[in-house]
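For clarity, chains are labelled A, B, C and D in written order, and residue numbers in each chain start from 1.
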Amino acid sequence: MREELLEICETGNAEEQEILRLAMQAIKQKRERNSAFLSGFMGLTGQFLDERTYQFIVPITPFMHNPLGVVHGGILATLIDSTMGSLVNRSLPENQFGVTTELKVNYLRSSREGTLRSEATILHRGQTLIVLQGSVFDERDRLLAHGTATFMILHK
Amino acid sequence: MREELLEICETGNAEEQEILRLAMQAIKQKRERNSAFLSGFMGLTGQFLDERTYQFIVPITPFMHNPLGVVHGGILATLIDSTMGSLVNRSLPENQFGVTTELKVNYLRSSREGTLRSEATILHRGQTLIVLQGSVFDERDRLLAHGTATFMILHK
Amino acid sequence: MREELLEICETGNAEEQEILRLAMQAIKQKRERNSAFLSGFMGLTGQFLDERTYQFIVPITPFMHNPLGVVHGGILATLIDSTMGSLVNRSLPENQFGVTTELKVNYLRSSREGTLRSEATILHRGQTLIVLQGSVFDERDRLLAHGTATFMILHK
Amino acid sequence: MREELLEICETGNAEEQEILRLAMQAIKQKRERNSAFLSGFMGLTGQFLDERTYQFIVPITPFMHNPLGVVHGGILATLIDSTMGSLVNRSLPENQFGVTTELKVNYLRSSREGTLRSEATILHRGQTLIVLQGSVFDERDRLLAHGTATFMILHK
């Protein structure tokens, strides 16, 4: 593996080197805060906008592209799910966590480059289930995807 | 970057080395058949079961894990979307292709390891829209996730 | 009200008389087995096909038509939801019941007349949630609509 | 039929008389503005709040109740679908109309009585597809149900 890695590292194109860079970023984020590798590849770091709204801002990289060169539908689903999951888990007490039971995404526009902004809001918080909506915007504030999902609250 | 890569390559744990191996696999699949990097990381290669059913079989790797150590919901969504997309695009004439307009996934069970089998079937083929369902099973044939989606047919 | 009713009863067109007939059917079903009026209007009566599959067969009536003269999307959603709900409630012990927490329907074809067959199957039965799929066919066995839903199990 | 109708009209309970009243309302709305009977039973009449938002306000009647005495999930789906459909059709040119291709509803709370307010907004208007979201509130402004849907634009 060493030889191959070095070869890509030295002679690979920009996109390929970017993938290696993201792999290291993912490994680092996993070491430092036990992020999913997938989150590390996507560069996910979020913040609260207000008590009910959580936000991720991430750069579009070749890792996110589908074969048509636009952000993969699976990445947008992951982004929405992760933003919602972060909001849910940050809003639950220590001994509880949430898991996605269903997620629906409507894909509205495609995007090639720039920055994605993902926001999630709680629509309803029940005893057992939390229902959320999430939106992903491009850097010109156009809505790219909209999702709704249900999380189930579990006890550790 | 070179030094860091070599360090992980030589002293990283098994999981981290696996991530580097998958990065190279993704780069290779991109070079050879213009796969999305994401598909290469997931090791997606599919086949027809019959005229209306397409199948992917993929190994669960650390790349797929969420922080709880089970397959990430975003990965299951990507897997269902990719299986459906492969089916749609292989069943359309040369000058057409399909894009996902909406996808809903129900998450039923979690899985840590082994193999995932993803199957997609066409429910309805219209002039403009194709509606599909997809299922992901673990290696004991238990249903992990079920999805339905709509693809829109576009002309190149 | 009496006069108006008698007038429609005697001089109304076939469709209008059918609506009055269905109103009486709904009132009767409510009296006899505490059906929802809506179920009585739709003439819902179901049966098990096997342990995991429940079926409704209902005639298309003017009550079900949208302004275009085909079965209303809301009626198809109601039919799928009701078939699933019947299956869920017949499969739970006496002291439990299920409520719909989410329902997604894909509309595939329209239908004007004849008979609708609605079938629901359980995809996954958890401790708290039951996930189902449902299909509605016309009398030529063409798929008109497909749905997936989650029911939550509650205790009486 | 005449005898039965008269009997319910004279000796039926309040709920049953209400059903007959709604049947006549539905017949009248059908005659006057070619409403679906289902819309007439529900008393649907809407208005624009602004260019992108349409609103229905309807009273909860026994027609809407499920066997538990709360508004039927199918009615909420119909309400959301109808509000969206009205918005879509009022916003399209004369020679076009929209049909629902998919609808997902999350059910958040139940409601027994009072008034329902249903609002729909366009999330994205494409050449072929329009994606909307809709919400139903009770008279204390609590969110009862939330939906997203796709309409396809057809030419007359």
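Here, a contact is a pair of C-beta atoms (placed from the backbone, for glycine too) under 8 Å apart; a residue touches a chain by one contact, two chains touch by 3 or more.
Because the structure is a prediction, the values reported are computed rather than measured.
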item: Chain pair with the higher count of C-beta pairs in contact (A-B, A-D); value: A-B
item: Same-site or different-site touching of chain C by its copy chain D, using the half cut; value: same
item: Centroid distance [mean C-alpha coordinates] between chain D and chain A, Å; value: 36
item: Centre-of-Cα separation between chain B and chain A, whole angstrom; value: 16
item: Residues of chain A engaged with two or more neighbouring chains; value: 101-102, 104, 106, 131, 150
item: Touch-based graph of the chains, sorted into line, ring, star, complete or other; value: complete
item: Of all residues in chain C, those that touch chain B in their complex; value: 104, 106, 108-109, 123-124, 126, 131, 133, 143, 146, 148, 150
item: Chain D-touching residues of chain B, taken from the complex the two chains share; value: 101-102, 104, 128-129, 131, 150, 152
item: Chain B-facing residues of chain A, complex; value: 1-2, 4-6, 8-10, 12, 15-17, 19-21, 23-24, 26-27, 30, 34-38, 41, 62-68, 72-75, 77-79, 81-82, 85, 97, 99-107, 110
